[in-house]
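Everything below concerns the one structure shown next.
Order as written gives the chain letters A, B, C and D; numbering starts at 1 within each chain.
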């Protein structure tokens, strides 16, 4: 497989530490297992799941997805501009990513509060158990993602400690949060 | 740096957003007047579209496109594994119940 | 040179602990003639309801509570001795530190159950039996950390330099014997009467005598070491020491 | 190989203790006592009493073995604490790990052993009380999350910050995966049935798979670490009054 001429040899490298990819692929498998259990269980009681699913607001889910996808775009910008040496621009992108992440966080918590007010809590029924479990464990990953952004900003700030590898490692983590949400969104909000 | 590599992610984002919005239309086709109806077709399409998005994220956002072939294959394999597990569990659930 | 100040003070808390320990042991009416696990619920309830016994149970267990934690400084002094031995890694002193955290905690939980049973002896006898069982089982089977610490001390001594040992060889052999004497207590759940029951010969008398012997013997060798090391320390020129924490 | 002159003997002893402990753990918990995989949280009093009487011998023997040998966890934890001490991070990491895991044995294992032994001891006890013991045992065992959560995070942080490359970074990240399973198990305190209860498909089975991978990984990595260790053949450190540089 030969490279197209425009991209240098440098680009053939694994983005970030290869070690982070172990985490990414491992967590992807763990989540796949959660999803498989959920989908299998879903068809056991599809009536209840559909009825409960109707209580969700698809707009929240869609908005969350768009927020995270856009944040991923800015995270990519951040990694690319950092590589090009434009650290100030990269930092701005990192801040925008974090801002979009916070927007997601607020949207998610608002949705939770509305559901709980409506009488749908973690232990209300099986659907909401899965709903709160999956969104909750995903939100935990997002919070860890903020630490990753913090590491990126810390790296970009000091000229002495700039490590492109670490920036890309954290970026890979952030995209994983996005990737998992895309799956969760379609499994909780869209499937019928 | 020319503008070429910068426009590409934006296009990807637009595609991904379009798929996301497309979900809403997909659901509308299955539901009748606010009552949700079970539909294997919708479920299958939703899972497949999610996998397409996942592959886009791997390839473009996570820059696997430019990574060594091994990582490309590995992430593709993962998309297949996730797809097989999701569809497999869904349909085996349907078959059992 | 960093002087090992204060070790002697910690060491000389031992007589006070010994007083606590002996008085608590004889004060608790369930130890001198250890309570049998085959007592009926009514008998156990009566044991805690007897006003004369009740106050002895409470006061003795309060004393035991102090005693259990009071041993920690003495055990830590043993860690300091292991740190002096000729080992390449701190693993054995880490192990002993772990024992020190675990042992007294288990003992405290047993103490807690006894005190709970005695707090409201008017409870349903079934509940009193339950708390009494939990107390005795926790107390009797609380040997893993004790076995662990004896074996770790023994191992540490065996791996020390033979020409200038911190502890003599026989201390290691002694610790192995103690560890072996503690093992039967782990199996006390299997018997409600006889020599293996929690009031029997092996889990009660042998185990507690072994613990008593261990505390006495280890205190003596520890005290001798501390005094000897202080004497060596004051005799040694200061420049010889390179100290790192 | 001369035992006396093997400079890594303390490390190897600790490593073999670790292997021994996990083997004994599997035999006691999975084979003898049937405490793992855990029985169901939604059982009635009668079912719980039957479980105790059915497993009586195994429970009492198995946990007796555990009481005698649980001390083997200490060298295992000490070895991990030592791995952290070898890293270019503050000693605070190693000490935190050591303290956290020394306490872990109690709620994470020994309480279950004592409480189930008490339950098995008297089959004629009031079934309500036996059921209480049963809940106590399994919830304390499965629901001791904080210790393993924080412990894994301490180890993770040490590995990721380390510049001596004592353990690979991917294992640092794997610690995060293990820590997350401890979050996943916490709903066991809420649910009596389903995939998140104390023997649930997600909160127990899946977590057990992750824990198994994690444990095998660190057993192998610690072995590699010991093999790489180079103490040389120099003389052993001599006595120093004020403690040595170790």
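Throughout what follows, a residue touches a chain if its C-beta (ideal position, glycine included) is under 8 Å from a C-beta of that chain, and two chains touch if they have at least 3 such contacts.
In this text, all values refer to a predicted model and were calculated from it rather than measured experimentally.
Among the other chains, the CA centroid farthest from that of chain A is the one of C. Centroid to centroid, with C-alpha atoms defining each point, chain C and chain D lie 24 Å apart.
Spacing of chain A relative to chain C, judged by their CA centroids, is 52 angstrom. Chain centres here are Cα averages; for chain A and chain B they lie 14 Å apart.
For the pair chain B and chain D, the distance between C-alpha centroids works out to 39 Å. Annotation for chain A: residues touching 2 or more other chains are 33, 37, 41. Residue positions of chain D in touch with at least two other chains are not found. With chains as nodes and touching pairs as edges, the resulting graph is an open line.
Under the touch rule stated earlier, the contacting chain pairs are A-B, A-D, C-D. Residues 17-20, 22-23, 26-27, 30, 33-34, 37, 41, 122-123, 126, 129, 133, 137, 140-141, 144 of chain A touch chain D in their complex. Against chain A, in their complex, chain D makes its touches with residues 168-170, 172-174, 176-177, 180, 183-184, 187, 190-191, 194-196, 201-202, 206, 210. For chain B in complex with chain A, the residues that touch the partner chain are 1, 4-6, 9-10, 12-13, 16-17, 20-21, 23-24, 26-27, 30-31, 34-39, 42-43, 46-47, 49-50, 53-54, 57-58, 60-64, 66-69, 71, 74, 78, 81-82, 85-86, 88-90, 92-94, 96-97.
Against chain B, the residues of chain A that register as touching in their complex are 1, 6-7, 11-15, 21, 25, 28-29, 32-33, 35-37, 39-44, 46, 50-51, 53-54, 58, 62, 65-66, 69-70, 72-73, 75-77, 79-80, 84, 168, 171-172, 175-176, 178-179, 182-183, 185-187, 189-192. Per the touch definition, chain D reaches chain C in the complex via residues 7-11, 13-14, 60-61, 63-75, 77-79, 81-82, 85, 98-99, 101-103, 105-106, 110-111, 113-115, 117-118, 120-122, 125-126, 129, 133, 231, 236-246.
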